[in-house]
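For reference, the structure is listed below as structure tokens.
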Amino acid sequence: MKAMLIDATRCVGCRSCQIACKEWNNLPGEQTEFFAAKGYQNPRDLSAKTWTLITYNELKVNNRFEWVFGKRQCFHCQEPACATACPVRALEKTSAGPVVYHPNLCLGCRYCQLACPFKIPRFEWHSPVPKITKCTMCADRVAAGLEPACAKACPTDAIIFGERETLAAEAENRIHRNPRGYVHHVYGKDEVGGTCVMHLSNVPFAELGFSPNLPRRSLVQHVQHAMQPIPFLIAGLGIALGAISWIVNRRIELQEKEQQQCPQPTHDSPQ
Amino acid sequence: MTISRRNFLGITSASALGTAISLFASSKAEAAEIPAIKTLHSKESTTICPYCAVGCGLIVSARDGKVVNIEGDPDHPISEGSLCSKGMSLYQVVVNERRLTKLLYRAPHSDKWEEKSWQWALPEIAKRIKKTRDATFLAKEGDSVVNRTEGIACLGGAALDNEECYLYSKLARGLGITYLEHQARI
Amino acid sequence: MVHSNVAMIIGSNVVENHPVAAKWLTRTKEKGAIIISVDPRYTRTSSFADIYCKMRSGTDIAFVNGMINYALQNNYIHRDYVVAYTNASFIISDKYSFQDGLFSGYDPSTRKYDRASWAYELDAQGNPQKDPTLQHPRCVFQIMKKHFARYDSETVCKITGSPRDIYEQVCRVYTSTWAPDRVGVWLYAMGTTQHTHGTQNIRAYSILQLLLGNVGMAGGGINALRGESNVQGSTDMGLLFHLLPGYLASPTKADANLAAYIKNYTPKASDPKSANWWGNYSKYITSLLKAWYGEQATRENDFAFHYLPKRSADYSWISLFETMYAGQIKGLICFGQNPAVGGPNANKERLALHRLEWMVSVDLWETETASFWKRPGVNPADIATEVFLLPACSSVEKEGSISNSGRWVQWRHKAVEPIGEAKSDLWILDALCKSVKQEYASDGVFPAPILHLAWNYGNGESVDAHREPDVQLVAREVNGNFTRDTSVQGKAFQKNDQVPSFALLQDDGSSSSGCWIYCASYPGLEAKDNQMARRNKQDAANNIGLYPSWAWCWPMNRRILYNRASVDANGNPWDARRWVVRWNTEAKRWEGDVPDGGWPPQEKLPFIMKPEGYAGLWATSLVDGPLPEHYEPLESPVSNLMSSQQVSPAIKLWHTSNKEMNLVGDFARFPIVGTTYRVSEHWQAGAMTRNLPWLSELVPDVFVEIGVDLAQQKGIENGNRVIVETARGKMEGYALVTRRFEPFQLHDKVVHEIGIIWHFGYNGLVQGDSANVLTPHIGDANTMIPEFKAFLCNVFKKEGGA
Amino acid sequence: MSTTNTRFPTIGQIVLGLLAVVGISLIAYRFVYGIGAVANLSDGYPWGVWIALDVLTGIALASGGFVMAGTIHLFGGRKFHALARPAILTAFLGYLLFIIGLLVDIGRPWNIWKAMYSWHHESPMFEVAWCVMLYTTVLFLEFLPAVFEKFSLTRIHAYWHSLVPWLIMFMLGFFTLAMTYSWLWAGIIICILLLWELAMRTKLMPRDKQMPIILIMAGVIFSCMHQSSLGTLFLIVPHKLHILWYTPILPALFLLSAIMVAPAMVIVEAILTEKSVGHKAHTHLLSRLGQVIPYLLSLYLLLKVADVVGRGAVPYVFMLNAQAISWWAEITIGCIVPIILFLDPAICNSHKGLLWSSVPVIVGILWNRMNVAVVGIKVEDWEIYYPKWSELFITMGIISIGLLVFQILAKNLPIYESEAPSGAHN
């Protein structure tokens, strides 16, 4: 399974990845004014027109001033909540790694937006034919044997692309080789059941805007737990309701037989 | 009556289930498709980034005379396929509605551009060059032959190709221009 | 770069402005190299570096002189290298002196030096006297030791405002590359050159690099990071007033004829070991004239030397605009340049454009310069200038070569046809030339240089909108050919054969070459002979990433200049692990890169372009001193701590000669140091980026970076609109309040610095005020490059602004 | 079916008509310019009032249909029979309106049919879609007798009566198959239903003359499924939904709250329609219903509080932030106040009292669903959401259409019985 490793210690914030993404995916520029967030960040957030974003974080780490750049994009979870959420399989985890979107199936219900723990899927709010949009890990390029546009464009190899296992090992290796240069955590290796986009950083991930306390287990399980008993519930309800009805109605039947002359209790006077 | 109706329904429900199952199979097939890359069946040519002087390589893909994609050239020994945000934007230099597509002329004191043809403009410019050069030409300064004009200045060149720079340099010197400067100075 | 142990980045924000160069820095860093970033502001480069040292704008010389001093005092020098390849051992005239910031020979009335007293002591043969022990009190080494001793780290830090511990760490780490097996690379850019002492900045870098033996080595040298794709090529082609193609001097009125010109510019060397390559001057100028005037350039008419315009003054940028402002320039032709945004003191330069009778602007976009007559605040009716705006095409719509910072000349292919009626610059130049020739066909003043200009690029006599000039023909003319059957160095050539190497160029008119350094770029007559279009990735034998069969590199496909300095006297590399060239004693030839001349080791000295053959620690050719000395920028918050010379004594002071619109601010009114710079997302004057939606999205408006302390003092919050004001102009922008700008503790006060990006103007998809309305008209003493990087200003929150 | 019509149209109808026209125009606008043009929804708040109100609350409020039908036909509450048809009609219209609302809310409604055969049974949304579709069908079937009666289509009515069980068996079997992907489960369900049906056909098991028992059972099953699944939807966002609302028992709470709001909804609807349709409400029935409410509410409240305590979320209840305040508002309005009110017999016996005690229950549900879908969702600091006027007008327009249709149907069909149902006894 293909994956990406993003090393914040190598990123220089040049944002060629941001443009490369727009170039390959034919995304338009957004209208902005000044900088929308910290540092040089623009636009403020991911959107239907912006699938990846560099964040600029001015931090004091070990009493040393650091300017650290984070990259936001789809994590391509191994067990993606969005794909589980989607009622029509418009979002699909491919065996190659990318989580892809099929607009021809999508209803536009936006449950994927709600479900995603990383707030990745974005909606074309101003289109009469709106689509859910997000980073596709350039699935078309990957299918053609190329690397994703952002990974290719990155001048400092801060983004690398390869087999997930290899990259996970490489990430561990980098930490091992330079234990003082990294936070000892590969973000995405285990989060929400493991993702195909993993991050390394020299500052705590929360400082870069990553949710720090995501469970290691897949979010999908929460739903599965609630969904698994469904057949039992149907069967149980089928039996119980039938039985209750049988018993109750039988009793009423018997009662009615006993008091055949009695008027209906539910009789109401008209007007 | 009842029994026949039952049969009828049984058949219907069975066939409905069958339809559902066939839909079931078809939906799976529909989901797995990934679109072909946009550079499929395009003509590729190489170029060098027009922004800074690192000299990164790019591949331009064109189809039907239109550029469809520009990205880094992975074979290029300097850039190995990577680019900065500017180089990555080269596509929007080529495909951009703000580009000049017509020759524009602004008359003295006018407040607007007029669209003109090359056929009109080139002789007009040549006339201006000649008029100014002839009026300001200095053949001698004291005893020294100088053969120059200080009435015309030439700027620019760093965005041009070498061959263009060369012709520019040659033409300017041929006209006797000494005010010749470009971006290397600033 | 990838072979360095230490990389020093000063005066350059390489990571932001050349991110792909950062690719190689990353690899260097991966291998354990230490990256040092010195900058007034913590930049994206600093974020990438291991050590960041802040430094007030305009104090580079003090900073580097202190490093030189550290190296000299601690003897961290590569002594063998210094003795063998530099002029450290040369003995200087006893008339030389240095007092209170002035070198000997200064004339305050002309603000010029008489450089006679800086000369070497010559022996009977006319060769400089040397003391290889470096002990002679007047040898360059000892003079340097004395000169630089004044720059101890305490003094330096008082000037630069750097934290002393970090500064000393920088000195320690960088000078560690004195060891032969350690290499340091030096990277600079416009932060270095755009000062009144820009040339001396680079001198200081070179001196340190030479002392540490880092020049000519793989992973060493001094690397200018050039901002424009082909600023190297356009300079190679002589698009500067003082240069002809191939770095030949443009003639002055003192050069009465070709012989006088050759005599004036050909350096003499009496040392037989000096290759003195410039000794071939006559061959190059003659070949150039043959290329330009063809059959019309004959021995009889002095090869049409008199057709060349002769200069008699300074025609550089500032001078050009001062003259234009004075109304003496009537016409302007502008190819892809936007001085209304990019020029210093932009208000004045914009007003200067009003005085033009006509202007021709060739560009892809409607630039600020082209539409200066309708800019905000002016009435078009008041402006008489006629403007022709010619639509040019983009780089993928035409074919040709460009030269990068590393002198690689690479070919670009055409992918699509130009849009609309846009034309390539080549076509436009060709059509312009033909039109002018037509005008002069009947009459005109001295029409010969125009009519005789050799101009045939395969698309007919007249202008044809559908026929491009043949760019291959131009490229072949640049390379040069033989103009008649001839035999050179035992090889026979036929007329019209391409010249295979500039070593074969002749001064008898039998060869032509439009730009001698490009000779060998196109050695045959077929398209496959175009060396610039090569794409073979086979590396050279030394495997250090030279890729000799990829594109082409001038001169002679040599990838590392002065590479013969990377070996010792026997041709053995100083560092065998990353050798550039080495002498193969068996085969009797050099291996690796193309050497600086194929002579065996010891036969010739490595610095072949220097008349003495030695690298110059001591410079007699610069107008502002043989050694770098710290002076303050024109506008400075402090007095010069090193001497009573506040500014460089040899610079031209425009504010005293051309007073109008050349005001200089003082510290009382403008107590903040200002500097200008670029961001990764925009490019130069912005036409090529501010018209692109993607890049406009990233940086949509001009912003002013202000330190947290200063912002607090001024009541400015992030995102406020602020006004920055200097004596020359004011501009508005968004305040970006950041911890990345810190105040400087100088010897007598704390000084704040702010920075402004300068890409913006009043046209384009995104617009903003131009920072260059703030910058002064003052230039470097040698190059006249304007001082964009240090000035005094003040900043306020805009009243009623958001 | 009495229609003491006075004036047509009434002022109320004119207002409703205007609202409907405005709503329809806005919906048209939305289909031309996109959702962003009429709503303040954003990527931070992908779900706003439309989902919270039209879908989550709407479906909860339509629970009257299955609760009343179940009570009457399965649990022997035949005395409430008079309340069955209005509740079923309300539910049926409610679901239709909910579908209209959903078509406005989802971005690509032309694809909605694809939810039918995506077979993505892992998605709770898929389950909801199926349930809603099937339950709407069930409601339609439950509503049909009124039409048959109106037009005296006795033969068809008889066909309906004998055909419906098979249809239901097919629907439930198919539903189970879709949800489990298992023929075995589908078989089991069909067997169970077949068992009951055969038992009834062989007169072993008493048969309800009015409604096929299996139809009612399906209504209850489908309702239980999707009422709870609406809660399941939010189980996937433990990181995003505020701790006060995120709980593994969210599906149960959703179901329970839907059941508890049913009597309140029936009361409100009966009293409100009394005037507009001109039918007198069955006060004593409503009182009986009112007496049940506090017990249901207490159960719900107990469960909710126990849940908050059990998950250690008590400190969050006493924080001073929007979420805690909103939680308290939900609890107070929706549970505490109505419990207190309904415990007063005087209130239970007056129309006014019943009405004004039931309204808070409904508001409480609304508030709860808003909390879950909007207030409790964690967003960036700068992301805010408040419904745009046009968003609300679209909702009001849809509701207005529903009310108008209800009035028309209630006037023209035998919804309110003046006499005892003909087939309810014997």
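All chains are identified by letter, namely A, B, C and D, in their written order; residue positions are counted from 1 within each chain.
Methods note: a contact is a pair of C-beta atoms (placed from the backbone, for glycine too) under 8 Å apart; a residue touches a chain by one contact, two chains touch by 3 or more.
Because the structure is a prediction, the values reported are computed rather than measured.
Of all chains displayed, B has the C-alpha centre closest to the centre of the whole protein C-alpha set. Per-pair counts of C-beta contacts peak for the chains B-C. The distance from the centre of chain A to the centre of chain C, with each centre set as the mean of the Cα atoms, comes to 50 Å. Chain C and chain D have Cα centroids separated by 77 Å. Chain geometry summary: the mean Cα position of chain B and that of chain D are 58 Å apart.
In whole angstrom, the spacing between the mean C-alpha positions of chain A and chain D is 30. Shared interface positions of chain C, i.e. residues touching 2 or more other chains, are given as 19-20, 23, 680-681, 692-695, 698. Taken residue by residue, chain B touches two or more other chains at 27, 70, 79, 82-85, 87, 89, whereas all remaining positions touch fewer. Residue numbers of chain D whose C-beta contacts span two or more other chains: 114, 118. Of all residues in chain B, only 43, 45-57, 60, 62, 65-67, 70, 75, 77-80, 82-87, 89-90, 92-94, 96, 98-111, 113, 118-119, 121-130, 132-137, 139, 141-142, 144-186 touch chain C in the complex they form. Contact residues of chain A toward chain B in the complex are 14-16, 18-20, 23-24, 26, 89, 92, 94, 100, 102, 104-105, 139-141, 143-144, 146, 149, 152-155. Within the complex formed with chain A, the residues of chain B that make contact are 27, 30-38, 69-72, 74, 79, 81-85, 87-89, 91.
Within the complex formed with chain D, the chain A residues making contact are 44-47, 81, 84-89, 103-111, 113-115, 117, 119, 121-132, 211, 213-215, 219-220, 222-227, 230-231, 233-235, 237-239, 241-242, 244-246, 248-253, 256, 264-268, 270-271. Those residues of chain A lying in contact with chain C across their complex are 10, 12-16, 18-19, 22-23, 28-35, 39-40, 42-43, 58, 65-69, 155-157.
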